[in-house]
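Per-chain residue numbering starts at 1, and chain names A, B and C are given in the order in which the chains are listed.
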Amino acid sequence: MTSTSIPIPGYQPTLENRLWTFVQQALILLLISSITLPIFWMTITAFKWPRDVYSLNSAIWFEPTLTNMVTVFQHPWNLGNKILNSIAVASGAVALAIPMATLAAYAFSRYEFRLKKTIFLTVIASQFLPGAVVVLPYFLMFKELGLLDTRTALILINLSIVLPYAIWMIKGFIDAVPIEIEESALVDGAPRWRVLAEIVVPTAIPGIITAAIFSFTLTWNEFLFALILSKQDALTLPIGLIGFRTDRGDLWELMAAGGILITTPMFILSLLVHRQFIGSLTAGSVR
Amino acid sequence: MTTISLQSIDKSYGAVQVVRNLNLEIHDQEFLVFLGPSGCGKTTTMRIIAGLEHPTHGTIAFDGKRINEWGPQERDVAMVFQNYGLYPHMTVAQNIGYPLKLRKVPTVEHEARVLQAAKRVQLQDLLHRMPRELSGGQRQRVALARSIVRKPQVFLMDEPLSNLDAKLRVIARAQIKHLTQELQVTTIYVTHDQIEAMTLATRVAVMNEGVIRQIGTPEEIYNDPHDTFVASFIGSPAMNIFEVQTNASGMAMMQDQNTGIKAPAQGQWTMGFRCEDVKVCDSQSASLTTEVFTFELLGDCTMATAMFDEKLLTVKAAKDCRMQSGDPLHIKIDPQHVYWFDRQTGKRWRQT
Amino acid sequence: MKRIPAYVWLLAPALLFVAAMALFPLLYSLVLSFREWKLAQSDVPGQWVGLDNYWYLLTDDPELMESLWATLIFVGFDVALTVLAALCAALLLQKPSRMSTFTRILLILPFVMSPALIGISFRFFLNPEFGILQFLLSLVIPALDGRIWLADRWLSMTAVITSDIWHWAPYMTLVILGGLASIPKETQEAAQIDGASHWQVFKDVTFPQLKPVLGIVLVLKTVFALKAFDTIFTLSNGGPGTSTQTLAYFVYHTAFHYYDLGYAAAAAYLLTALLMICSFFYLRLIFKK
């Protein structure tokens, strides 16, 4: 029994209640395993020799190796290059998105103007567009501009994907900043831009960071546009993963190694801000 | 020299009119208190003076110069907010110094003035703390210090004491009074607490529903109210206000009992008298007899309350008086301190 | 000259960008859907065919019909099971305890994993020879022994749905937990004092107050299910054949395998229309407050 449970009023430790608590705990364990076991399995696969991967006999008692982690950086997979691309694209998109989104979110939060609701809804609704309907025009557009297979193109695309989310989340955080401290600053003599830069942003910074990490995650994992719009130079990690599908079959141990590389940074980032992450995900959706 | 003049100020939010045709001249160095219940428009009026709101109609002028379009930054006013508005990510020193930083005051002078302001409110030992580490009273003093660190034309204070507990409130009230007298700056203060108004103000503007009902010194407001609203709003407990009818000889009758007071003229009147102007007495000399509803010991006096005409009638009595609910209550009203109001309009009748 | 209000400057960068990057392609796609353009035959958009693409799309294309059917099954089961699982998990984790705090942190992880990777992982787990999941499940359910998941229509669809649930249900659990936290405890405690059992408290007090959150979760999940692509691509490639080819995949397939661009644009707009219906419900729910 968990000793730190909060007592339920009227709880009697009868057999029925004890059984029920046991079932609940078992279910929670089931939940935990359903999340951790797949991750665990993929992780150990990355450290297995191919012979241990392609058969179940030595699945658990295997001889660990680091070769896979080394191989993925080599020719022809060059995951190192793809990591750099992913970092560049994600950083670029977030570095552009957050300032733009903060300005827009501030406007939506603190100002009243005609059509405000309509414009806000339109911006938010753009996250409902399927990638499929814009990928083709983008392809043609970037082809014309000679930007196919470049990081720039991917940064621009991801920027447009991420902006609605970022504006929505940051607006929520700016809404939570008490208006009085802004009014104090105005009365103290600060022009609007200083109020925003020196008062509002520092106060809302946890939320802005959360939005930044959320956006970074979206871009890091973005698949469809990277698939269509890049071919060689601008390939990002998710596409790198499918590169392990060869004519001879799927190289699972390398895919797993790639999987570790692509997932670990995201795990770390999201755990760093998990408290705000949870708060903002729920607040933004529930409003 | 800063005089503020408000001429024909209207303020509406959509269909709701919050301030109606407000006219007011605020004199240099006076301590003007806007007093009234929630929603009466007092905070809105002050925000209009600060530049945080703009009037829908009307003109506001500082020293004769029209400043309607000026933002708060340009008006050189300082404001203490109800919730203090402290910058959460700055230390106390940085909070106090922010107005100076905005005006690019050189460092040496900046630090000196911050220290001086902090000393004035006894905060010099807390300069490196963050707002979240401070108590309510300390935060309020930071807000005060921030407002005095530069020499503004006008101080604006929006219910600065309402978030403090009763004891702190008394101390803070004294501090504010002392500070504003020392600094000799025009001060505008908003509150719903009439005790604050009476103790701090040189003039009080009593507001209700967007209109100033009366403006005058605390003494004038208390002793010479213009109408029933002002009369019942000022004074704690509220003035006893009852509807009376004259009998054949012109005496005011409250519920068929002769009050012993002659009304100004025949007819129906609204009569008001304060609880300290009605005395408990014996059944012989009493003019009104009723029954004690509750009896309260207040330390320096006692308060007997009766239900009369479905309203509460309060009588202040000596501190050693003792009564119980249900006891008969005999009272006599002091004819020198009776207020007469028109039954229809609520306006005060004065002897001409 | 009238001063330009501040909010215009604040909004300009974001709005201009969105307009350029969203409106323009939308319009272009729309125009494209009225033309015929087979990339194999010509390098430039072909002639105007009006509504022919749409007509063919909705009446005569068996592959699209199959795709719509697959989409219906996918979205239907995916959304229903995800929300159900998330609700149960949220109720389980409601009571504060060390274990539930730990689990809540775990719940973020599937969401930040790349859906493409999740698809790859499940494909690996279901491999007929060495897939761990395939092995364990066939022990528990003998009927599955020897079956190749990705060669069977129904098993393949199950796999695709499961991997999407794995990705989204934890996040949805967190959202519902947030919703549960905002229900005043007094309402539940009052019911208990009145004599209600746990189930009755849930049915009569908790669930009604949870409905707005559940509504939002349902609509959001439907949107994401309609858009789902990465997992399907890496897990089943729309297969076997085209049996797990949802509308999103259909558009991709038509455009980049058949190179029938005008037609693909029309299909894309069909998908967009479905999504706009969902977004209408979503916005209505959000702005009811």
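Assume a contact is a pair of C-beta atoms (placed from the backbone, for glycine too) under 8 Å apart; a residue touches a chain by one contact, two chains touch by 3 or more.
Keep in mind it's a predicted model, so treat the numbers as computed, not measured.
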Of all chains shown, smallest offset between own Cα centre and global Cα centre goes to A
In terms of mean CA position, the chain most removed from subunit B is C
Whole-Å distance, C-alpha centre of subunit A to that of subunit C, is 16
Whole-angstrom distance, CA centroid of subunit A to CA centroid of subunit B, is 54
Whole-angstrom distance, CA centroid of subunit B to CA centroid of subunit C, is 59
As the complex stands, subunit B meets subunit A at residues 50-52, 71-73, 77-79, 81-89, 98-99, 102-103, 143, 146, 156
Touching subunit B in the complex, subunit A uses residues 178, 180-181, 183-191, 194, 199, 202-203, 205
In the complex, the residues of subunit A that touch subunit C are 2, 4-6, 8-10, 24-25, 27-28, 31-32, 34-36, 38-39, 41-42, 45, 53-56, 59, 99-101, 103-104, 106-108, 111, 113, 119, 121, 123-126, 128-138, 140-141, 156-157, 159-160, 163-164, 167, 192, 217, 220-221, 223-224, 227-228, 237-238, 241-242, 250, 252, 255-256, 259, 262-263, 266-267, 269-271, 274, 277-279, 281-283, 285-287
Within their complex, subunit C touches subunit A through residues 5-7, 9-11, 13-15, 17-18, 21-22, 24-26, 28-29, 32, 88-89, 92-93, 95-100, 102-110, 112-117, 120-125, 127, 129-130, 132, 135, 166, 170-171, 174-175, 177-179, 182, 189, 192-193, 212-213, 216-217, 220, 223, 226-227, 229-230, 233-234, 248, 251-252, 255-256, 261, 264-265, 267-269, 271-272, 275-276, 278-279, 282-283, 286, 289
